[in-house]
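Below: a set of structures, written as structure tokens.
Here chain A shows up in two complexes: once beside chain B, once beside chain C.
What follows is the complex of A and B.
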């Protein structure tokens, strides 16, 4: 099929195809190839049917291998849906006052570049999936994962409110399998993506806390009951936003001993810093301004903002429009015995500020 | 947990709390229960007494090791020290006071010097039981209730009796010797063991899974900021109460299973050991009733070996000394000491006030329930019930206040002060007000 082309064209085309496939095949959710659908599926309210998850698997945009995994594990479809919802809501919340507000317009282009925003999308997606899988394990919606009942009289710690350590371990393993993450890759971009995905998983792990309660004569600790509790996903989102704000730009370095390409820290005063820490988000390129419409975002025109705090930065110096709006709110609330709250409705006039167009 | 709907909450509660709590509760104690049962059965084999004592020592050692691992040496050291003192003072008539002082010094040294707080905190219960057993034996020897110093194997059998070595309760030496005679296995014995075990697991569940979420999930009361503080204090208090009941019923289980804890009247044997009376604490008549119902054997011990001996210095001093002894047995914890001392004042003032009111009004408003043949004129009038009801409400308030800051690990002094400040030192002020009222009606 390459007979009509110059000799050099054929290998280039193969390389391009490989790159495209590797990108297209790798991810899911916010980092998946095609637009998201996170609304409840048509089967959401149907009684549980043995084959219902098969249809849900087909409806989602997944790779062939991902669909196979989805069909094999009945609870996975629901979990995937939940993780997409989690990551999208959290991303929009964390970036609500930023120029890039996690708009899905331009997401495809964004994912092809190595910006900080790309790093955040990868991390929040893997974190949400990790979180949702762990929850699904503990509530029994996933059949294959089990809590390891290893013996140990007083050191054994079981679970409460959703997560045992082993559930998180299982979900991490499954997650890497699902995302098709390979152990070793020489491609710089793949290394960066894998690193950022691990940052997301690690953020969920750091939120796993153990609490114990003592029981014994007069409150001594002869018997302890312990449990692990997963932090709310908002905490994880908050942590990842902090990681985003302190992300590190990296470049590639060829290890002279092994000949392999490795990540290295920012170049500063001709000194190369050591490789980034496992908890740091990494990126390759400086982000665009996101002020004007572009391939990556719709720009900030028309965005609501806060006059004193965010208009100046959000509007990129273009100024803002002022409008008046009537809003209703609850006021004079009282608790009625037993057991509801009664409120009156008040009208309030408030000013709304939006960024001017360029 | 406000973000969860009630339905979602109860679903999570089942899989996330009820099941693992029962699992852990049983997992940590099943070996103890098994050893108690084996000990009981082996005593029924007609062994000579020497071997019976020895078997419970072995069982006790193994159990201590199960729970405390190598830290059990501190409990062993304490018991060896006690026997040494008893032996050296075998011709003395003041073994009780002397042994008490020795044990006090040992516990203080242990608390302050010998090991880290967490480990000591863990064993505190067992140390307390050993100390109480040794002291009671010494005083009983002084009074001739026990006629001679027991042999080493008898003493160690008593101290390490597998039924009481971990979770208590204290039993007297004579009760232990009665148990060694080994009563017949019976349905009532078995049923008592099973029922106490079930009750203990039930209390553990309430402590872990119900009390911390009482409001608004179980009882839909929301409350404003002030009320919410008290509701949360009540939750903490209730959780601590039921943790105590768990241990108490577990102690009943192990003691009964091992063959002690019965009363015998003219060939009528009853397996009726009772350590705590939860209903009397949760729906109290008075703080005095709460205090005795919290741990009956300990209450009996304190009454016999501390309060009565201190009465010669006056009843107020006797009460304070009793609470001080109780605090010292619990170890050098500012928090427990503060709670117990406050409790001492509360109970004393309530007692004398109600006694005075009872005399003035000629009514049944004493701290303890009147027997049916008392000579008070007013017994069932509405205002009598109102007065008693008011004191019950006060007791509930005191319990909420005092129990509000028990934590899995004991905190520092400032935490207690901070918690009481949060609740505006309510119990302290109320107690002071009642004392003023009492002085006014003298």
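What follows is the complex of A and C.
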């Protein structure tokens, strides 16, 4: 994950991602201009007393309403951090060969604009939170995961009767509550952000696999029970990358009947296409090239690339430098589950290609 | 068989009875579809990885809870375990059943757990061919949130891993998950406690090759399946209503038989036995499971179902045989041993299979016959033999039905030449057989159709604002249907008490002593038959 960087850099990156993501879409609200410090990191021994989550909630940059939700649900703070980690890792993986490689430099400026990259960030963040919430429900870290609208006794009776829904249904409902999507805004940008957040949620839903089990008399299919299973988040990330590659540019149209502003598809030959599909990522502005350093990205100078596949596009025609590097890598490993690896060290000389500066 | 009620019943009465039965049938479908929830619920559990820091953990087993006030110390993933030098034998997967803020209930009747591993692909740590995973698992319960956990089962089990990696095995695809089959994990025949806790270890022993070559296990998931409490209540209520209904008709039927001067014939005995087996399956002994921790209730239910099906299949064979009108040997069970043996043998094989699976699970809930090679082969053998017996039975039944229909068409051409008594007798036989054949085919078709629908559909439909639980409707509807089938059978095929002497036919009998073995002294009245009966007679005459 953070190879070659000091360990303290990891939580700082997570914090930065939280802050920057929260600015645009009220994902995590800003309580002030100064970033607050996260808990030390995933390796810290978490205190086991019942009110540890209260301190964690205060330390995150959330809106007042989000903090209230966080205090009420003990497992939410941990889940939020897990979702940030998940979205960051997946974003970097999906864009590892692109000019914009999900760098955190310039993210603040990026989130203020309506680029394709902004759309992807919103979608992957909401997808990661949806996924992390469903996982937290499965492991029992979230307390109210089914029939959350029922008060205590009715909740128990509903559970025993058998009308409780599944985890993802709850996590989707909670997610929309957390992000505050109830208000229908007339602002075009807010509509676009809400649309892209929903694309992320839908990507997690479309990845659900229905699995069935036959159990009954002698194991026959007299009784068959089905449930929905989460796909690995890599699959969701892959789908969102495809949505990013096929994103649709939109503009605003005033509905003459209601007087409200609506999203509309691209204008071609003076014919306006209908509004974008719920599964399509949408953006307002064409992206910059990300080739040179700007407020949106540090540029591609010095980026490693693959000679035959990605150097030509990644280096924007500037060419690449070749260097020989002596690499030590592990080989002839003997691995035992879960926690034991014995490897020998091998030396390998390899050519490294990096993009030239402008 | 002497004249039955069905032959003497008027068309009007028969239609009224049919309508009443149809209304009950529709009602039994609607009870399941509209009142009950779906029959079962599935809950996903993701195991928490707890760390056992104590060295002497074999003396008093410490219980690790994944959440709650006294939760264990956890790790998020095994990179963390590697950094902290935690060994495999100190990792405990902890699962609390049910989820937070819920309780298990005796209404859930059973708890079935299915196991699924998330195993990541690593070039240096791949899953060996034929890999088997060894699971050291303990199950505990408690009945309130403050008391200690009490152990109720402990076992060391093996399960065969069957995993596929669909992408290319390259460095690029490291970290992707294998596609692994589901593994049977545990089945409890009763849910007597409110809270259950599972602690699972995957012990590693390099010398004995225990848990070597199982790949990089990231997570352990369980799916818990139980019967919904609401469905259980509806099901119990239905059984409680049906038991006295079938019992009353059984008593009435037996009184009708004993009122006759002759001993009961084989078919009457078989119908009565069918009623007994239906009552046996109806008796709601399940009510005891709400108050007592009887884990054998599932097995007992299976046995009762097996008895009923064996009895039903035997009845169909004997009913066909007794309606072969030229058969000289009849009214004796020994005539049918060839056809009944496949039923008995097939049922016996399934019974042994069920004992090997659910019977053993009474002692060890983690046992699965599919977990070992010998068990899998034995199970497949029993199932294949039962399947062969089912095919043999089906062939025998089709052949007998064919014989009866050929016999009927042969008799039809002779009907006009017969004496009145003999013609009425044969017409009665034909009508009885055709009626039951039609009803049986309708019931069997309904069962198959609903089985297919429940396999294909999601389990519930939205119908004008109401949610219809198709699977629940299937269970209550088909169950109610077979009860109505047995009820109608005992009512309509009870011996009729109408007796009319006809001097003319009595005189004719004297001249046909050669065929007296086919006749009975009961002669049906001309005015009694239904319209269907008369049409059948006309058809026979043509």
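As a convention for this text, the second predicted complex is superposed on the first by the 272 of 358 C-alpha atoms of A that agree within 3 Å, B and C clash if a C-alpha of one lies under 4 Å from a C-alpha of the other, contacts with A are read in each partner's own complex, and residues count from 1 in each chain.
The rule is simple: contacts are C-beta pairs under 8 Å (C-beta built on N, C-alpha and C of every residue); 3 or more make two chains touch, one makes a residue touch a chain.
As the structure is a computational prediction, the values presented were derived from the model and not from experiment.
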_Larger contact residue set on chain A - chain B or chain C_ = C
_For A:225 in the superposed arrangement: first (chain B), second (chain C), both or neither?_
both
_With both complexes superposed on chain A, which partner does A:333 reach: first (chain B), second (chain C), both or neither?_
second
*Who does A:345 touch here: chain B (first), chain C (second), both, or neither?*
neither
*asked:* Quick check on the superposed pair: does A:322 touch chain B, chain C, both, or neither? Answer first, second, both or neither.
replied: neither
*Kindly list the residues of chain A that each of chain B and chain C touches, one partner per complex.*
138-140, 156, 159-162, 211, 213, 215, 217-219, 221, 223-227, 232, 335, 338-339, 341
_For a test of understanding, state which residues of chain B touch chain A in their complex under the given definition._
3, 11-12, 15-17, 20-21, 23-25, 27-29, 31, 66-67, 118, 121-126, 128-129, 166-168, 204, 207-208, 216, 220-224, 239-240, 243-244, 246-247, 251, 330, 336, 406, 408-410
_chain A partner contacts - residues on chain C that touch it in the complex_ = 37-42, 44-48, 66-67, 69-71, 73-74, 76, 78, 80-83, 85-88, 91, 96, 98-103, 105, 107-108, 112, 114, 118, 122, 124-125, 175-177, 182, 202, 204, 206, 211-212, 214-217, 221, 223, 225, 228-231, 302, 305-306, 350, 353-354, 357, 383, 451, 454-455, 458-459
*Residues of chain A touching chain B in the complex*: 138-140, 153-154, 156, 158-162, 211-227, 232, 335, 338-339, 341
*asked:* Using the touch definition from the top, list the residues of chain A that touch chain C in their complex.
replied: 42-43, 45-46, 48, 50, 75, 135, 137-146, 152, 155-156, 159-164, 166-167, 211, 213, 215, 217-219, 221, 223-227, 229, 232, 234, 330, 333, 335-341, 343
